[in-house]
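Presented sequentially are two complexes of chain A, the first with chain B as partner and the second with chain C.
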Partner chain A sequence: MADKDEDAIRGTSVEATQIETDLSDETQDFRLLNHLNFLTDTASSSLPKRGEKDFEPNPTEFQADVLSASRQAMHNALAHPRLHNPNTQVIGIYAPEGPAPPPGVNLEDVSKFGGKGLNLHPDACVCVPIPKGQYFKTMGQADRWNRIWLLPEEALFLVERGSLDIRWPTEITGAADGEDAEELSIPMSLQAAYACFIGRGGLTLERYTVFTGLRRTGYAALRAPGWDDTQAESSMDRNQEHVFRYPQRRGAGLVGVLSQVFNWVRDPFCTASTTAGPAVGCGMHRNYVDVYRRLAMIPWYDPSLAAERDPLDTMPPFRVVFHIFKPSTPIKKTALPPPDFRIAVVNTRETTSIPTLEQIGTLLESTPLDPPRGEKMQRMLYMRLRNGYRNVILAVVDQGIVSYLRLADAAFGKEKLYETQAPSSASKRNGNYRNKKR
Partner chain B sequence: MDNPTLPIPISYISGRYLLFSIDAVTYLRREHHICGVLIGTLSQLPQQNVFLGLPLELMPEEARLLVDKGVACIVDEAKAHGGMESLAEEDRRQYLRELESQGLHASRLLSDRRDQNREQVLKKLDEKSRAKALKAKEKKEDKDVSSPASEAKEEPLDLVAPEPTTSTPASKNTGRQQAMGVTPATSYPPLPQPNSSQHLPPPEVPLSYPLFAHLSTRGYFLSPGLRFGCQYVAYPGDPLRFHSHFLTVSSEWDEGIDLMGIVNGGRLGTGVKKGFLLGGPQKSRDEAESEAERVESVRTFSIEWAGM
Partner chain C sequence: MAEVTSPAKASPAVGPEKANTRPARGSRPPRPNYKHIHRFPFPLNVQPVLLPPVIPHNPVSIISAVLSYLTFLISPPSQEIYSAYFDPATSSIHVTDERAIRALWERGFFGKGNLSRSEPSWLEREKKRRGLLGGQSSEEVTRKRRAERRELKLERARSERLLIEERLKVEAAARESGRATPSTDGVADATAITIEKFSVKKAMDAKYRESREARLRTAQNGEPVPAPDASSSANGKSVRFSSVAEEKEVTSTSTIPLQDSSSTYGDDVDADDIFENQEHLQISNEEAFFLVYGLGVLRVFDREQSSAIPASSLLPLLRRHSYFPPNDDSAKLEPDDPFMLSYVVYHHFRSLGWVVRSGVKFGTDYLLYNRGPVFSHAEFAVIIVPSYTHSYWSQTEKLKEYAAAKQARSWWWLHCVNRVQAQVKKSLVICYVEVPPPVDSSQDIGTLLGQYRVREFLLRRWIPNRTRD
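For the complex of A and B:
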């Protein structure tokens, strides 16, 4: 009897519908990973198909076996060690105090070159003396001694993917001096790397999760000027000033609308007046465009007129913290191209509501104007509206799960439907007099 | 899968709760239905977001539940890693030796596997060439025996193929074995396990904790649910194998609920073939002495869209 039941279950489990296609949306069956041969050839391995799931647990052994196989596969995949081939191993050294010249170089010599003398990001905390490999094209900063300094998120990401071996500095672990020190430096564990790097220089776990999520899929992510949350307080006064000037920035604004009304009243050829008579005015109307134009009395917001704001005027967390570059964008670390996307990171446990209009407004105005361009955009109205004139991406992190939302400043007022040529379907009806006239 | 020693230390890093030990992760999943969210990169497949690796991020609710059960404790990792400074010379050397032996073991495994693969490939090649030669011979025998010159030409082919099987693996195998560098997942060892006086107090939890604990003790697997429009997604079994049944939202007993919220939740849940589960403790934080008391008083309601 039991066998019969099991057969029935086996039968139904295959029928599971596959509606969703986004694999990362749900927990995946790690058994699928077994088909990939990691240690031999990772280049040829492609992603497995979505696993099939059951509706609910039942007391069959078959189900228990499958579950334990899944768990075992997950265990194996997660237990896989991070190994470094001695020939390609890249070693970094943790510098808890931030960038410093190599030992043996006098600090006074260095200070001649201004500032801390190194011209490096003050949050950089891992030094790679002999950089090799492709990762340093989009990560890290080189100093005068050709060493690469990595920011905490960059270092942590490289450790995590098994591409970097970070060592504790000998000052901390206190190894013996001389050549012995090199041999006795202790490799940092993943746990130690998290403990040392998360929380350092404004790097929250949420920001790091977003950073790695994008890096893994090939995007380059670099810190934006708005990275530092603490700069919010210092610019408080300026912030208020901007709030005061707010109405002016809203497109035509109040003044604009009023002047429009005045122009309209003084227009000698216009017989229209809302106080006395129809809004469109009495008289001869020779085409619809004029009529519609007269009817357009409600002021609207023109995003292309809004002035740009300093990124620091925004309110954290609704502030751009990462500039994202597509894999196809060539990146030169010294002369960065404009970013393809701008991302603000929001932690759901700290910010439980959606942003207010003011927060969205300032956030959008802190990004440069990005009007819809290209032949396709010209042609397609809805793509144009969706693209908007400014845009920003919100990465909402809910306990490690990231959802991306794109906010764009759409300009419905700019799309005057009565002025656009009717689509080809209308012109097929040949006898349409109105269309021809236009 | 070894059972870890209890209580399991949960790393508290910059306000978040993380697990780095694979044994702890599997154990908690199997025995306590705690899944967490994997946020790390799998080093063997680093260019995708479908399968992720350690560390495992725990919700404060999950960490709290484990601490209340006495299964886990919270360790301030930044403080604990200050212990690297006071590591004894002896321990350090021993730890490095251990890592080196691990590295050697790994490189031996790798080279073994490489050899196996090579042998397999060569065997295949060998079989192929042998089959070819056999065919050629048969053909020739069929055709004529009167062309000894061509046979002499064919002969070397037969000899060349098997040769590599004897020479290449031998020459590589005896080569020096270098230890692979290893990045361990956890820092224990070399750090000593922190004693109970160094443990942090149980995590602060949001108001929804009682509902979370209530469902968890009834065997549900819960994971963060904002992506699906709720607080927690409740699975009847391990999410590895089962689809979720409920979209869960917690509410305080005296808290007003917007009717539209219920309608939205009900429609959303029904749309994805899940129930919309609304619940919460009957006692507020002022009325109850402890969270445990609140957990006792939880009631739950499931809302489904009948769709007439």
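For the complex of A and C:
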């Protein structure tokens, strides 16, 4: 039996290790890059295994050779020429004034034709007249002329990747008009792109860092309704009294009276007193469950009772700004599936303290209820508690370094541990081990 | 080198042959029956109703039922009340009575021996040290294991040094003979060396397995024994506490030969008189108040006045003593006294059935054990953060500033705590306690506690690489 306990410990520890092992914490053996065939064959998708590293330098030539071989392998990988095929080149045009109809069409004409005008995000500022490639599946918005409009972070991400070539608009550069406008327009440098896009439409450097980091990892990231910090919070009732479970001293109505009578018969000289103690009363107790019930005195928050808040009814920066989709989630831009993760971005240099209960509470209440479901969760107490009832991810950015924290509403009060560990059954069958893991 | 690695290499081969015998313990004595020792969650006596069955058409049965009920009314079985004393100089509460110490530890894991790691076992250890008892205490086991580990680490360092020297020699020889050094690009070459690397963990495992096999062999009169399940000796320390019961089992089954102690063992009773127990149980202030106010099984005495302190005056006393130096009697009690916050959280988790113990070793306020520390490691570590959500705290600028200062915690601190918990494989729980506005000194403790509200959040690192699928 004791062994079972140990196994249980080990089981959880293995699980925890898996959660906590960060691939990026491992050392890389760059020599393995030489064996990669991505340089020639793009179809192969297997990544190299990581190597092991020595703790300190030693005078062996072997170590020096390994080191130089690694270095050389890295240089080889970096020196591989990256080609931009002119056929796949995507050109975007910077629109500092925001979305506008193509030259030659003016808005009045559009409305005359019965169109709804430009139904585009007002922050969109790069127009791609001829969209090509896979990126536009999860990025940008198309207008009625089949042009794609990109948001600043999307444009900057593509420029940084080398997948997009942004041109200055001819209005600014004053270049020749006419048919060869595109030929003569001036390309925008990466520096200029940063200068133009960071700070535009609420895009802070921190948000961009989170966006680009997750995009590179393979996720799709889209702006959430809470993006705009300046939008005033609606004055919803902050003090949600009803979401707290107050321990019930006595039930209402007939049931309450009857249970009181019953309690009296069982314990006629009731000495229980919450005023000066002892809270459970002196004398004999029938069972420990009653003792625990009498001890319940502290009100606790029940997440399943809380109503969902409006995303704008939160306190920036503790507000969901990105909806994150796993690479496996199929995304249709017109009908988005529910996001896999919700992310709030915090700058440690501006918000120096961890969130207060009000900030964190409103943030979590603005996400939908996601209670632990499934057979495994039903069985595993710890898993259930760890999953929580609502969850959100905080991206804490400290000068460009992002650490993600998953916050979940754990309702410890909903798990009455004492009910699952009745001592009488413990001495008999293996009982408690199973109960414990519940 | 070769001797060390060979058992480690052999281990995977041994593993698959799962033993159908019960996995034997290592060379350690059998574990005491913790399930029995710690079968009660609280130092409270509980008796189910033992009324004889009532059969409606049999008046005798009704009479007997009523009689037994009346007996219960007239002479209810009594509950023992333990005593402790409060020491104002150190703001701590001590239990010195032997029976009380055992009861408080065994039923609910309250307190800590002042000369022990947690369970008060000093007397035990001292007796063993003087050779009066057989077996080993948990502290000794730990010490021995640490020494073993250090030994193995030294061995590892030695073997690594040897490896480097050998390589240097080979390289020198190669240089003299003019041959080119072996290619280092080959990954296989590198992996061959990493396999040879000394693993302390594997060596420890191998050592355990060896000793167990030897034990089994002797137990079964030299018969060949199937290799035991490798997993039962695998990584991770198991929770072990020594106790009286452990010793009794050890001596009765006599799995360990008691050479030197067997002669003196008969004098055990006399030995008790020779030296008295120098150890006492120290219970934290929250535990003490819970035992006094919540369960009513403890009386705390003032050392000077030698009178029991009632719960109504114990609470203000402990609240004043939650500051350093303690506030004097005239000072106003604040609703966010550290004691109030920590007690609310303590009471909350205790009332749900968790065994709550201090988490100071892991940089947190509390650790939550399921059933108790002898059964499993704590899964949750709790940190307490006060919250000033009530509208009272935003009335004036001064109050706002005060609340902001009290709530402030840096991100660095949070990450620090979080990473430590991940390292020790615990889940971090941030427990916010809503502080009510100050009230006039009310004597009703229940109402006072009911004004605080708790909300728990689980925090853990999110690693995008892991959740991508």
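Operating definition for what follows: the second predicted complex is superposed on the first by the 260 of 438 C-alpha atoms of A that agree within 3 Å, B and C clash if a C-alpha of one lies under 4 Å from a C-alpha of the other, contacts with A are read in each partner's own complex, and residues count from 1 in each chain.
Operating definition for what follows: a residue touches a chain if its C-beta (ideal position, glycine included) is under 8 Å from a C-beta of that chain, and two chains touch if they have at least 3 such contacts.
Owing to the predicted nature of the structure, the values given are computational and were not obtained by experimental measurement.
Enquirer: Regarding the shared-chain residue A:P225, is it in contact with chain B (first), chain C (second), both, or neither?
Expert: Neither partner.
Enquirer: Tell me the contact category for A:H80 with respect to chain B and chain C: first, second, both or neither.
Expert: first
Enquirer: So in the superposed three-chain picture, is A:T212 touching just chain B, just chain C, both, or none of them (first/second/both/neither)?
Expert: first
Enquirer: Is A:M188 touching anything from chain B or chain C once the two structures are fitted on A? First, second, both or neither.
Expert: In the superposition, A:M188 touches chain B alone.
Enquirer: In the three-chain superposition, say which chain, chain B or chain C, touches more residues of chain A.
Expert: C
Enquirer: Which partner does A:V66 contact after superposing on A: first (chain B), second (chain C), both, neither?
Expert: Both chain B and chain C are touched by A:V66.
Enquirer: Regarding the shared-chain residue A:D398, is it in contact with chain B (first), chain C (second), both, or neither?
Expert: Both partners, chain B and chain C.
Enquirer: Just checking: does A:R406 make contact with chain B only, chain C only, both, or neither of them? Give me first, second, both or neither.
Expert: second
Enquirer: Quick one: is A:T348 in contact with chain B, with chain C, with both, or with neither? Answer first, second, both or neither.
Expert: After superposition on chain A, A:T348 lies in contact with both partners, chain B and chain C.
Enquirer: Using the touch definition from the top, say if A:L357 reaches chain B (first), chain C (second), both or neither.
Expert: The answer is second: A:L357 touches chain C but not chain B.
Enquirer: Find the residues of chain A that appear in the contact set with chain B and again in the contact set with chain C.
Expert: 23-24, 29, 66, 213, 217-218, 348, 396, 398, 403
Enquirer: Along chain A, where are the residues that touch chain B in the complex?
Expert: The contact residues of chain A facing chain B are 23-30, 33, 36, 38-40, 42, 45, 47, 53-57, 63, 66-67, 70-72, 74-75, 77-86, 89, 157, 159-163, 165-166, 168, 172-176, 184, 186-192, 194-196, 198-199, 204-205, 209, 212-213, 216-218, 348-349, 396, 398-401, 403.
Enquirer: Over in the complex, which chain A residues touch chain C? Could you list them?
Expert: It comes out as residues 1-3, 5-10, 12-13, 16-24, 29, 31-32, 34-35, 51-52, 58-62, 65-66, 69, 213-214, 217-219, 238-239, 244, 246-247, 266, 268-269, 271, 273-288, 291-292, 295-301, 326-328, 340-341, 346, 348, 352-354, 356-358, 360-361, 364, 381-382, 385-386, 388, 393, 396, 398, 403-413, 415-421, 423, 426-427, 432, 436.
Enquirer: Which chain C residues qualify as touching chain A in the complex?
Expert: That would be residues 23, 31, 34-36, 39-42, 44-49, 72-73, 76-79, 164, 167-168, 171, 181, 184-185, 187, 190, 194, 197, 231-232, 234-236, 238-239, 292-297, 310-312, 344, 347-354, 370-371, 375-377, 379-380, 385, 387-389, 391, 404, 407-411, 413-415, 418, 422, 425, 427, 429, 432, 434, 443-447, 449-450, 452-469 of chain C.
Enquirer: Hey, which residues of chain B end up touching chain A in the complex?
Expert: On the chain B side, the touching residues are 1, 11, 13-16, 18, 20, 22, 25-26, 29-30, 35-51, 53-55, 57, 59-60, 77-78, 80-81, 84-85, 87, 89, 92-93, 95-96, 99, 102-103, 106-107, 109-110, 113-114, 117, 178-187, 190, 206, 223-227, 236-243, 245.
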